[in-house]
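Both of the next two complexes hold chain A, though its partner changes from chain B to chain C.
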Partner chain A sequence: MSILVDKDTTFIIQGITGREAVTMARECLDYGAKLLGGVTPGRKGREVHGLPVEDTVRAFTDRTRVDAAVVSVPPAGAADAVFEAIDAGIPLIVCVTERIPRKQVAQFVEYAAQKGTRIIGPNCLGVISPGKTRVGGIGGAAESTRRAFMPGRIGVMSRSGGMTVEIANSLSEAGLGVSTAVSIGGDAIIGSTYAELMPLFDADPQTEGIAIYSEPGGRAEYELADYMARSGSKKPIVAFMAGRFMDEMPGMRFGHAGTIVEGRADTTASKIANLTAAGIIVAEKIGDIPRLLSERLGK
Partner chain B sequence: MRFYEFESKQILAKAGIPLPKSHFCKTPDQAAAAAFEVGGPVVIKSQVLSGGRMKAGGVKFADSPGEAAEHARAILALPISNLMPVGVLVEEKRAVAQEYYAAVTWDGRAKKAVIIFSDMGGIDIEEVAEKHPEHLSRTHFSANRPFSDYIAKTAVAGVGVTGNDLTALTRIVGGLARVFLDRDMTLAEINPIGKLDDGSIIALDAHMDIESEAARNHLALLKELGVGPEEKRQARPPTQFEIDAEQVDSADPRGVAGNLTEFDGNLGLIIGAGGGSLTLFDAVRAAGGKPANYCEIGGNPSVSKAANLTKLICRQPGVEKIAVMMNVVSNTRVDIVARGVVKGCIEAGFDPAEKIAIFRIPGSWEDEGFAILKKYGVPYVDRSVSMDEAARLAVENTKKKA
Partner chain C sequence: MKLHEYQAKALLAKFGVAVPKGSVARTPEEAEKASADLGGKAVIKAQAHTGARGKAGGVKVANTPAEAKQHAAAIIGMQLVTHQTGPQGLPVGSVLCEELIDIEREVYLSVAIDNSAGMPVVIASPQGGMDIETVAAESPDAIFKQHIDPACGFREYQARELAFACGFEGPTLGPTVNLIMGLVRAFEASDGSIAEINPVVLTKDGRVLAADAKFSIDDSAAFRQKANMELQDRSQEAAKELEAHDAGIQNYVKLDGNIGCLVNGAGLAMSTLDAIKMAGGDAANFLDIGTANSPEAVVAALRIIGSDADVKAVLVNIFGGLARTDVIAQGVIDAKTQGLLPQPTVVRLAGTNVEEGLRILDASPVELVRADGFADAARRVVEAAK
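Moving on, here comes the complex of A and B:
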């Protein structure tokens, strides 16, 4: 099993005629994903890799089942695209667009919650269940994706798209492999946080342990620690906190939009203490993640 | 992008929030004229993007225009947290009976906007939250509806304020929340809000931050405030090294090779991308290395862009070696980065085999990339070597040379 997506997941790409989206579509098709086509207003009738382009999301949902939409639309139109997908009844929206102002993110995330729509991102690379499907550009070309993401036992959640691939690769090299990896996005407000995805991993029999990549800024790690205390979740979690140097530089922005130390609780030191208290193993080095998980899994 | 106090107050004034009389001044003479115009005792405040102005000597009181000029002269010459003020604010001094705190910001956990209100204004709000939680209210609200004043009222009443004060504070906090939403801010704070001896309530100091991603939607406001389109307003002014790197990045739209921050070490870093840079910078420090810079490369920069950044970093005084490291890449081509850094080293007058302490970028087109590195004798490792191990090798290699 996997979470969020499986081998039968059908999806469209909004903004499919954009340069990066055309590449993403190629990579998804090569991986065997069930991409149906995409939407670019005014481009109805065109094709991308032989797949149809429509003016509206409804043009797809009116005639077929669409399980997910990838939003790859420039920042000025991204929120509009997400609203369109929500109103068309698509249950999973992966928003890869960067630099969407957080007011707009808060607006579509709140609306999605009311409609029961799951949002991943924004500012993410997407979701992959190795050997089954991938929704988004995560992993790049199909061949390199297969190399970095071997099917396996570990769920991955990461605020950084690139580090999702790095961690998955190390798990694959170590023979542990990946059940589902989710690039959750690096912004201050995101659709799905660690704590919100944990119940899915907890319920997934394929997932035996979880690897998490995190950064300074925000309070998502506290929410995760609260979830662990509340749920009695038993699966081992190994977390890695990057950006320790930023504790000495409050107010400076490095990395992602959400990565800025604005208060005491935003620092890595404070987050590490909190995660450790919740029974989560915090890796000192990024390269230690596979070993720490292997030790906990005892196999 | 952060606003100075005098700019934040102009925004508040436009929203109808009551303020003390004040004038922004750039010279001691202007400060004297402003003090005369205000009449009576004044406070002279450094206009600098830093907290702790009072402690640093950036806030002084004067009873006459002459005294105001004297203080303005001292404050204008006083750096705070390494930042020079852009001017001083000369403001009427009011006797304050009670101070309040109000801020509107985003709560990433609730995924909503939140009003934070306290009747213990003027001091560190995190301390109030820890030690006096009953004096602080948090009131979340939706950005999907026009702001309703009852939300501000709930925030103010949440710490037990009632009567005329509740009405006056609701108006101020509601105005602040509307400004926050209308102007795409990440923070809108008034601290303190002062209740004066005559019972009136005014905003005494303000701090606002407009989201960089949304600044393009507020160009008219920025123009009105006199904010230039290129102003970044980081926590400290950019160094020449950082400005040069910004130019390398903006000169070529392909990929990212910039976001550089200068440090005073001997190991130049060419690292990426967002998360990878944070991880690698930590790893270099944990291995005892001293980075000369932070930076981010990614999104497949061109050969010339990677070369120009490399050249810039190699030529920095004090940089002994450079380390080129990234997480496993999918979109960025290893061979293009390899070609770029080798070219940059040579153009800067160095032997890549000597200057590059380590190259660790595994991923797409790595075989082609590794072939280039081999040809030039550059030490490299593949994906079987972790990012922290690569950082350790870079530090070790740099020490060997020194």
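Moving on, here comes the complex of A and C:
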């Protein structure tokens, strides 16, 4: 089992003729993912790696089942692409684009909630269930992705795309492997938070424990702690909190739009205390995550 | 992108927020004239991107135009140092000359992004003029919130609820609701990321005014906020950050330490800074090179780091995903060969095309320190910076 995606997941890439999207499409195909083609308005009839390019999302959904859409469209058109995919009835949208105006993100996240559409991102690398499929650029080239993401027992959620790979790599090297890894996105407003994805990991028999990468800024870690208390979830979680150096630098933003210390609750110190109180183990180093999980899994 | 107070007030006024009478002055003479226009008395406020300007000597009251000229002469050109600016302070290029107002009462008003709710939130408190974090910690009951729904927008009843909660009633209710609605309209139309009016003042003559104003615009919306983005005062930004921005590097932040960093991915960059700190060092910058799809892009970034006089050693920490380690390796060699990176340099490569990346490093006569894993890399670079 896995969450969000499985080996049969069919998907399209919106913005498929863009340079990064062409590379992503190649890497997804090499990994064995069921990529159907893509959409770039005005480019109907072209091909990317032998797959069809259409003008609209409906051109795909009218003739076949589309389980997911990856949005890799420049910021000015990204929100529009997300709305198009929602209205075409695609149940899972992975929004890769970085630097979409915050106001537009708020609008499509709310619209998706009304329509029952799941959004991952924006500003993320996508979802992978090792050995089954991947939806998005997560992991890079297929060969290095296979090396970093061995199929296994641990679910991964990360606000950083790159760090999803670092963590997966350490879990794979330790022999624990990964059930599903989700790059949830680095923006202030994202479609799916830790607490919103946890019920899926709780229900997934393949996932025995969870590793989380976290940063200063926002309230997502508090919501996760609340979820743990409310749900009685028993799967062990180990979190790694980057950006400890930022606690003394209020008002400064580092890379991710959501990563800023605006108040005491945004600091790593405050988040670590809260996570620890909820029974979530906080690792000092990425390299400690596999050992801490193994100890809790008891084998 | 932050606006100055005078810019923020002009923006808010366009959307119907009542502000004190006043104008900006860039010379002492302009300040003299501005205060004469106000009837002689005026408050002279330094325009710099920081709070706590009063304590730092950046806000003065003038009783005559001649005094206004004197104060402006003292303030314009100063480096304003507050707890928010760091020891070097910020340059002051202009002052805002405003009417003196008789304060009856002060309240707090702001709009910020509520990440959990996924939408902006309007925050009000009857305890105006204070740091809102302190109010939130000491008297959480004195904080009132209303969300701006992305679908149906902010409703007038929500503004009324906030106004009532802050004790406005009778003849002051209408002007307060207008001010709140104006603030929300300005925030929504201008792609605001944070807007704060602290304080909103009820004057003795019954007016409700934005006595101070902070306003930041979402940088991601720059492409559709061109007119507002032109208001940026580049003197308020760190020189190295402007240089990086002009070179097309968006995720660069100048810091106080002596270890230059080039990393791919914001998360890895942040973790690298932590690792350096844990190893006993301090980073001179944060730099996320992103996917770095050409050696030239890497060279451009290394030029910024290499020319930073604070930098004593450099750490290149790459975990290639979309970024290719061979491209980065070539960029590092090129920068070294061109003499752009004279400092001792530690390189850690992993991920996409790592075999090829390491081969490029091995094949070059350029002297580099190689590291495995980033804890090892951090330890080596801290050593090299000593």
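The definition used in the following text is that the second predicted complex is superposed on the first by the 299 of 299 C-alpha atoms of A that agree within 3 Å, B and C clash if a C-alpha of one lies under 4 Å from a C-alpha of the other, contacts with A are read in each partner's own complex, and residues count from 1 in each chain.
Going forward, contacts are C-beta pairs under 8 Å (C-beta built on N, C-alpha and C of every residue); 3 or more make two chains touch, one makes a residue touch a chain.
These numbers come from a predicted model, not from an experiment.
*Asks:* With both structures lined up on chain A, is it a clash or a fit for chain B and chain C?
*Replies:* Chain B and chain C clash in the superposed model.
*Asks:* Taking the superposition on A as described, I'd like to know which of chain B and chain C A:106 touches: first, second, both or neither.
*Replies:* both
*Asks:* Tell me which partner A:188 touches in the superposition: chain B (first), chain C (second), both or neither.
*Replies:* A:188 sits against chain B and chain C alike.
*Asks:* Who does A:173 touch here: chain B (first), chain C (second), both, or neither?
*Replies:* Touch partner of A:173: chain B, not chain C.
*Asks:* Touching A:242 in the superposition: chain B (first), chain C (second), both, neither?
*Replies:* In the superposition, A:242 contacts both chain B and chain C.
*Asks:* Quick one: classify A:223 as touching chain B (first), chain C (second), both or neither.
*Replies:* It touches chain B and chain C both.
*Asks:* With both complexes overlaid on chain A, does A:155 touch chain B (first), chain C (second), both or neither?
*Replies:* Neither partner.
*Asks:* Once the two structures are fitted together, what part of chain A is touched by chain B and by chain C alike?
*Replies:* In chain A, residues 75, 99-103, 106-107, 109-111, 137-141, 144, 148, 158-163, 165-166, 169, 186, 188-189, 193, 213, 215, 218-220, 223, 242-246, 251-259, 263-264, 285-287 are touched by chain B and also by chain C.
*Asks:* Flag every residue of chain C that touches chain A in the complex, lowest number first.
*Replies:* The contact residues of chain C facing chain A are 84, 112-113, 115-116, 118-120, 133, 136-137, 149-151, 188, 191, 193, 218-221, 223-224, 251, 253, 264-271, 273-274, 277, 283, 286, 288, 291, 293, 319-323, 350-354, 373, 375.
*Asks:* Can you name the residues of chain A that touch chain C in the complex?
*Replies:* Touch residues, chain A against chain C: 19-20, 23, 75-76, 99-103, 105-107, 109-111, 114, 125, 137-141, 144, 148, 158-163, 165-166, 169, 186, 188-189, 193, 213, 215, 217-220, 223, 242-246, 251-259, 262-264, 285-287.
*Asks:* Quick one: which bits of chain A touch chain B in the complex? Just the residue numbers, please.
*Replies:* Residues 75, 99-103, 106-107, 109-111, 113, 137-141, 144-145, 148, 158-163, 165-166, 169-170, 173, 186, 188-190, 193, 213, 215, 218-220, 222-223, 240, 242-246, 249-259, 263-264, 284-287 of chain A touch chain B in their complex.
*Asks:* Where on chain B does chain A make contact in their complex?
*Replies:* 106-109, 111-113, 126, 142-144, 181, 184, 186, 211, 213-214, 217, 234-236, 259, 261, 272-279, 281-283, 285-286, 294, 296, 298, 326-331, 362-364, 383-384, 386-389
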